[in-house]
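Reviewing the structure listed below.
Going by the order they are written in, the chains are A, B, C and D; count residues from 1 in each one.
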């Protein structure tokens, strides 16, 4: 292996910088040169490369976002775009790549590797949604749930002060992991996730029972991708049949950034080390994951197709504990 | 003075609990009994009173929200409602009250005191918006700006990673204080406040210039009450003429709660002490404020009518520093 | 099972309240009465019991510390003390107990259960040190590492500004888990833990090499129980042979409290639910743990005797990444 | 004015970066070139200068520490050192300087300006201790009190759980501002500051009364520079006469770093703007301050000699509210 490159792609996630740092320093520690590719696949096509040294990644472990930046690339969906990317990589003696991202990133990687198998690629799961198969935790998830939780803790202060019912929408287009964790952690009355059919009548019944029992506030956490529609739509429906004053908050993009948690930094570092090690061991086309505490390798094709299931016990806990 | 009561009314604000604690402990320290009135004027009408002891307010100084809760009261707008409230106060030997709240709270207090002048009332400015005349800082403001700032710091991570333009709407229906402070503190490109006419064309020009200068991200902070409409409307208009990918986040209710800052707790405590002292000194019908570092007393009628002006130097700083 | 009691014992840990809440609500949800025992074994001896209802544990999931409080009990080490405790439990119809604590707690439980086998006891691992066998994570650990990390992030600002070398001592009398995680997460130059022999000469060599390479600041994280002595002693030794200006900070008790993280609250809740379920399933004398993501049951005797080992890969990562 | 330079000196303080950013951008906005001097007076002597552009200070407003770094300089205390510094400044066409620091910084500036009056110097108060005359708030103070408060909030969780008495030592060698604010904000039983004589017998009496009144925990906040000695010494004395289990925590350097608060960033920015404006207005030898909300100018000689007094009402509040 001559040079090992690293890039981030898709939505940014806290911990990406810790992972970049680990890739760069491990590559160099193992005797290789490290290259940073800026703005994901688009930068690969435009040759937006920069040599990375140990000090290039000093003091970034604690930063949210990604110093390598990210971008969508329409060009990479075309054979011409990928050909340019390949030419740039070859011209720069890059034969190993660590790709940090999610679904879209690994889909692109899979196509690229079929066309240009002499470039080895290993992925690290970088997305706050925790929706990749092959890892118990994605990079960004642990930070995102703490950020969302803090916001809902704040909202709960107001809910408690005013006899109010808040619908809070958190990120998760296809997966309810964020909603489930923050719902449990904030003592939400209900958690609505894409993985289970939402029963609005049941929800209204629960909330009305709470009201009768003099429970003076309630939080309902809604995953972005819930089947019953977004928080606004659900709140509107509930408001018609419920005596609480209803409010809606969409947490939105503030869930994405922020300082990574301790576990995030450790996990992202560990995955970055493992990714370089995997390349050096001749692995390619796999995503690094952490499964039951151990490093695991999952082919891109599987990581993309399947989804992690939410532990049904977790769903049951909401009913017992709220 | 026989008994001194305290209540919170209007939107909750961090620091209200610190103020309640100070009122209760100061009243008792000065030899009086303290009463907590729950749910503001509505609780006054319903006789929702509770004696408070020093330990009743233990371990609340660090909590957001208000342990005395808050509520809107339509009944208090009627002479009958106020008559009931008065009867309850007399029946409980309450002749001094500290009212913690904002505009609506002091409007109610003013009417009540005209009808029942034997009840002495002093106010403490409890609202995150900082929009009361007679105090440089309201209780809740310092915490709210830190909460909003933290959210925008997070959003900036994403803005930087993706060449994006974010419009972030913060609270402030009539006043741009929150927007101005967090805009300066997060290095926003522009801050749109109700106090100054928003020029969308100028804004578009600034943002396009930034884009040309390769500034790869931008934050525009919009006060809820800006004259050009909310963040969604402004973003839509700007998007038509601007190459950035535009996103909108409405921070909403998460700005209201949370642990009060150090300055908040000290300020709220100080105002609570001063409010009781004012009652004991025979003052009534005034709001406690902190003006240029000193305790000030402003008649309710003035506190409500006037508004603090934003320092024009602050508005100028956004242009120089962004 | 008539009544299920819960107590906390040993050093407090964030997440204990989330666990108490889960025990109380699960017990009631399953049709049993719940009792809170205050101040651990001492309260058991003194009959410091209180019935708990769902609302008794409202709004505590987000609080550090323990609402049931904790205490050391010399009396419980005597047969007479334990006899009194037993008599109190019987008099209150308590036949199932969830004990939240660490080594000392489960040692006491084991002795008590041998003497009074008709009282069923299940433990939940509550200690920030993560030093119990039978669980990958103890209640309190995830929060403590984030608190310690935040403190070291702050210190690093100063280290970077001043060419300084900081020795930061974190908790962990017998175990280096906290030190290892925060060391990795803050990019520490070295992490000194009880589990591996500390080589001061090697440390001095590393630090001097850094200095020569113009690395202008360094953090060394020292676990309380490191074999080379505390941070002060090590710093003194290093200072003699090293050109950096050396400073020491002992983080101390601030690592213990604070708002539990999201994962902490979820984990503590899950363990509380599992503990009650275990009692109802007839289990006794076991500690609930989370092993590879699943609930596990470990006899008290084993949980106490053995220790979790630090993943050697983690120790290696410090050298690669710093 | 040809070029305007900026440097930081003395202990780092959060907000210094916001101030540097404001100086650089204001200087450029007003048509001047900006220079960064690294490592304070030592860098001035060594010619460690760097031209600064608007983007040089991008994304630093939220960072603790100082990107210009800081250092002690023995050389600057000698006429030869200062002559070298002067030569470097002249060689680089620097005729205006903004010095961000504390006592030592302005002492050095005063001597230098007497010798080389053609270099204009204006100071910004950068120190967490709030101990400079001529400003109500120094840069760093608001953040430091929030950091210290958060640490003590954590400690209070443990104090409450265990019937313990904690002595917490905070920074402040000559001034008790930090101690006073965090003491009030955390509900401390007592606050010991250099500005008032500490009466250990009275303290013991208060704590014993608390104990008798079943107050089950207590926090005593001690300023580093208190006349009765540090926290360890006082705790030892108290422990002899008091039934509480006593613990000591020295917060130390973690108080210095961290993300600046909102008010800090606004204040530091405002002072940076004002400092450049002052230079352009021909002012020299003055420290910028914020007095009663307005920008004030205080000659270095006065800023150093005098101290702000603690508001005696604040000291009284501790007794009323604890």
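Everything that follows uses one rule, which is that a contact is a pair of C-beta atoms (placed from the backbone, for glycine too) under 8 Å apart; a residue touches a chain by one contact, two chains touch by 3 or more.
Every value quoted in this text rests on a predicted model; they were computed, and no experiment measured them.
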Interchain centroid distance [CA atoms averaged], chain A/chain C, Å: 29
Where chain B and chain C are represented by their mean Cα positions, the distance between them in whole Å: 39
Geometric centre distance via CA averages, chain B-chain A, whole Å: 35
Contacts with 2+ other chains: residues of chain B: 153, 156, 160
Chain contact topology (line, ring, star, complete or other): ring
Pairs of chains in contact (touch as defined earlier), listed by label: A-B, A-C, B-D, C-D
Chain D residues touching chain B - in the complex, by the definition given at the top: 21-22, 25-26, 29, 58-59, 61-62, 136, 142, 145-146, 148-149, 153, 156, 160, 181-182, 184-187, 259, 261-263, 265-266, 269-270, 273, 292-293, 313-314, 317, 320-321
In the complex, chain D residues that touch chain C: 8, 11-12, 14, 63-66, 69-71, 147, 150-158, 160-163, 166, 216, 247, 249-258
